[in-house]
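Encoded as structure tokens, the structure appears first; notes follow it.
Labels run A, B and C following the written order; every chain starts at residue 1.
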Amino acid sequence: MPTEPFDQEPVFPEPAMADQGHALDVKHRSPRQITWARRRRALTRFWKQFRENRLGTAGLFVLSLFVLVAICAPLIAPRSATTEVTATAKDQPILAPPGHHCPQSYIQNVQDPNTGEYHTIEKPCLASEEQFYPLGTDGAGRSLFALLVWGARISLLVGLVATIMAMLIGSGIGIAAGFYGGWVDVALSRLTDWFLVIPWIALAIVLASVLGQSLFNIIMVVAVTSWAVTARLVRAQALTVATRPYVERARALGASNWHIITRHVLPNLFPIIFANTILTVALSILAESTLSFLGLGDPMSVSWGTILEQAQGAGATTGGQWWWVMTPGVAITAVVLAFTMCGFAVEEITNPRLRRR
Amino acid sequence: MSLLEIRDLHVAYSTSAGPVPAVRGVDLDVERGQVVGLAGESGCGKSTIAGAILRLLPKETKVEGQILLDGEDILTMTWGRLRAVRWEESSIIFQGAMHGLDPVKRVGEQIAEAILIHDPKVTEKEALTRAGELVEQVKLPARRTQDYPHELSGGQKQRIMIAMALACDPKLVIADEPTSALDVMVQAQVLDLLEDLQRDLGLSMIFITHDLSVLVGVCDRISVMYAGKIVEEGSADAVFETPKHPYTRALSSAFPEIGDERYRLLPTGLGGDPPDPMDIPSGCSFHPRCVDVFAPCPSTEPVLYDAGEGRRAACLLLDGAERAAGEG
Amino acid sequence: MGQAFLTLLFVLAVNFFLFRILPSDPITMMVRANRLTDSQKAELIREFGFAKPLAEQFLIYITHPWRLGYSQQSSRPVVDVIGERIWPTVLLVGISTILSTILGVLIGISSAWRRGSRLDVNWLISTMTFYSMPDFWFGMMLLLVFAATLHWFPVGGYASPPEAGLTGFFPHLLDVARHLFLPAATLTIGYLGEYSLIMRSSLIDVMHEDFVNVVRAKGLRDRDVRRKHAVPNALLPIVTMVILYFGYVLAGAVGVETVFSYPGLGLLTYTSIVEQDFPVMQGIFLLLSAAVIIANLIADITYTYLDPRVRQT
């Protein structure tokens, strides 16, 4: 079965390989080995270019940091800190600013309900044991630091899983539409267009309400609202590949559709959708935080969006509890920015037209 | 005094890899009413000269030398004077008319714009009428001024470009590959048009192309360029019939005419690629591709040697001393 | 245009079926126990034909899309509930879109002109940062700083209550403007980065086109080259892009209105989620989808008007 497309690199050993002492005996390597060797080289070349891109490396660094924190959550902060409310002697949860050390008192900004004026009062910290809150607490007395660390898990999980699902759905539909053409293409394109036109939040709200609130459902909702962009991209690419001469040649030699798709279409698709995938993760995380903020998230788990939901519900913005509002948002911005920078870096490398002229 | 005098022109583009020399010391003269052809492969620097004459090259490009248009040095002009000179004293017919026109404006407006820029006293209506006249001059119906560029064929667009170039009655018209993007039949028509216009209006022209055979019919004199320098110049017929430089010989045989005896005997085509401007061969820059290459070529850089009756060529074979040394 | 109509029909159909897959019976969904009077319930059953077979119900639904039922929160007709919230949102989204487009285009033009300079690079980084922020969170931060802490602006709402005594045209206008400022600023700043980036790259592309060189050769001043030839050509993709982002701006409006308690469709969406008010949710879904579809249509028409190359087809 022919596997070597014409328009990829030639198979003959390059001088560099000879220098490294590799066997020049091409005949003894199977086509598959050659293909994989070439892919490894392409990967190394890509990595080298990526490392030269300052934006991309910075993004990757920040990303790895957050992923590390998310994975090591149990080691950094106890799970109990996110569910238990620090009970006090008088059963009043404290709402402490960052850097607060219990049991000293702290200043809070309150609004007089009658006059509407703001003034500060001093509140005693009624927790019995010593507690240090590096980022302060939320309205229920939970350490914001712990909430953020555990929230990273959910936000990243939803973002990544939803994106993988969206990629799978989108690629599947895109390849089917581009490759098979005809009425399959027409039907699938109509479907894709429809999903593109509908404002995502309207669809998300309707779906979330119908399906109910759970972690799986929110992943589904984010995936369903994101696949269309990928589908369109993949379809365009599949169309160009399907008409290339080597595909015709493979067909003439009796290759099945499946073979052509997996051996020719998919490998050529990969660089294009790689950048798109990274940027989709960024958008998925934003989508999840928005949906959680609106109350459509999983009530059982803590994500950065739900922290903000609770902050909004408790009037943290008007109450001046800036730490409650600022920290989850900064976390979201940082992660999304990191993914975006990586995505742009990858796009620049894989799409030479975007390079500086 | 000639209409255009270019003296020792050096142009280097600035790129991320460093300065790239495109023109390396070129002298060129155009007399009034004369048509001078500039021939060479792509990348030899001929289009750069066209851009340099009206200072249209990117800001960072280094341009040195003298370009005297009717006695005034273009390279030292003020911006205001330059803008006035552009199009009115000298205009360009750009190559690739495909994208030379603003796609969202009617072609008549674009021709009229040239007129309005240089004569603010003219009203829009008058300018449009004049545009119509110019369009008729290039053998298109005046109503074509109402069309958008995408509604015109390649040949029609090229004619519009010619009409636009003539809008301000320039003294010098630079035609930069005006026919390269057209099919052969249309090419012939446009060439005839240019010839007629030049004759009727007494224009001075610089005709830039890579096709030597095109130049013969149109031009009075031809200069051949290679790797940023002029390697041969003389009267059009002389250069075409009896080329003195090996490159010119190869160039003229690259576009054979059916039935012409010469093409049956001469080697056709030219092997190799044009030199990378960042890596120009030493000595005579043509020596790696030259069929007549001999000993001193890779080390000695030729200048334009006299080759008889107002002709010059930069080939060491013409330098008596070198030749003798080589043969000896 | 036929395409838009078809899409709209499809939206209606999906809406219909989406809510029929709910486990409980649709009447209960719409009627929700004791909130409605018996006569209202009977009217619903008659209007929607709940007693009739599904196919007939669908036909009734398709031919009378404005029959949205009653809100579960207030037992008022959904059309009324939605109707009174439309204007504040139109005001908010309209002003934000206009401002962000104009500012985005202007900044994009100057960025393209100063490509690679310090200012340009800083702006690119800022844009990426704002792009990465959740818009509702940005609103929360603005509210925190400018309203809750500095007291420059009110903390929410559309206008001050009547007790504040701001009657008369201009005082009322000013009052509305003060209330609108922060929510509009949130949406505007959130999206003007995108538009400036698009304009910037579009203008850079156009500046490399041949015809720009031709126009310079004709003797036109650089700033006129930009103004008369480059920018008009570079604006074409903006039209498409603004419409493409319209759906996202609407989504942003939901979050922003919630944060600022701004009484528009966005806040209504939030409360209907909290109250599980399905008829209102359905109505908003239809309205938002219809808005985006119509916006797409307007964009197509505008683009055809602006770009002569498209007119033939």
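Everything that follows uses one rule, which is that a contact is a pair of C-beta atoms (placed from the backbone, for glycine too) under 8 Å apart; a residue touches a chain by one contact, two chains touch by 3 or more.
Please read all numbers here as calculations on a predicted model, not as lab measurements.
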Maximum inter-chain contact count - chain pair: A-C
Taking each chain's C-alpha mean as its centre, the one farthest from chain C: B
Gap in Å, rounded to a whole number, between the CA centres of chain B and chain A: 55
Whole-Å gap separating chain A and chain C, where each centre is the average of the chain's CA atoms: 25
Footprint of chain C on chain A - complex, ascending: 118, 193-194, 197-203, 205-207, 209-210, 282, 286, 289-290, 293-296, 305, 308, 311-312, 317-320, 322, 325-326, 328-329, 332-334, 336-337, 340-341, 344, 357
Of all residues in chain B, those that touch chain C in their complex: 54, 56, 83-88, 91-92, 94, 96, 98-105, 113-114, 117-118, 148, 150-151, 161, 164
Chain B-touching residues of chain C, taken from the complex the two chains share: 209-211, 213-221, 229, 232-233, 236, 306-309, 312
Touch list for chain C against partner chain A, complex: 7, 10-11, 15, 18-19, 21-22, 128-129, 131-138, 140-141, 143-144, 147-149, 151, 155-156, 204, 208, 246-248, 250-251, 254-255, 258-259, 269-270, 273-274, 276, 278, 281-282, 284-285, 288-289, 291-293, 296
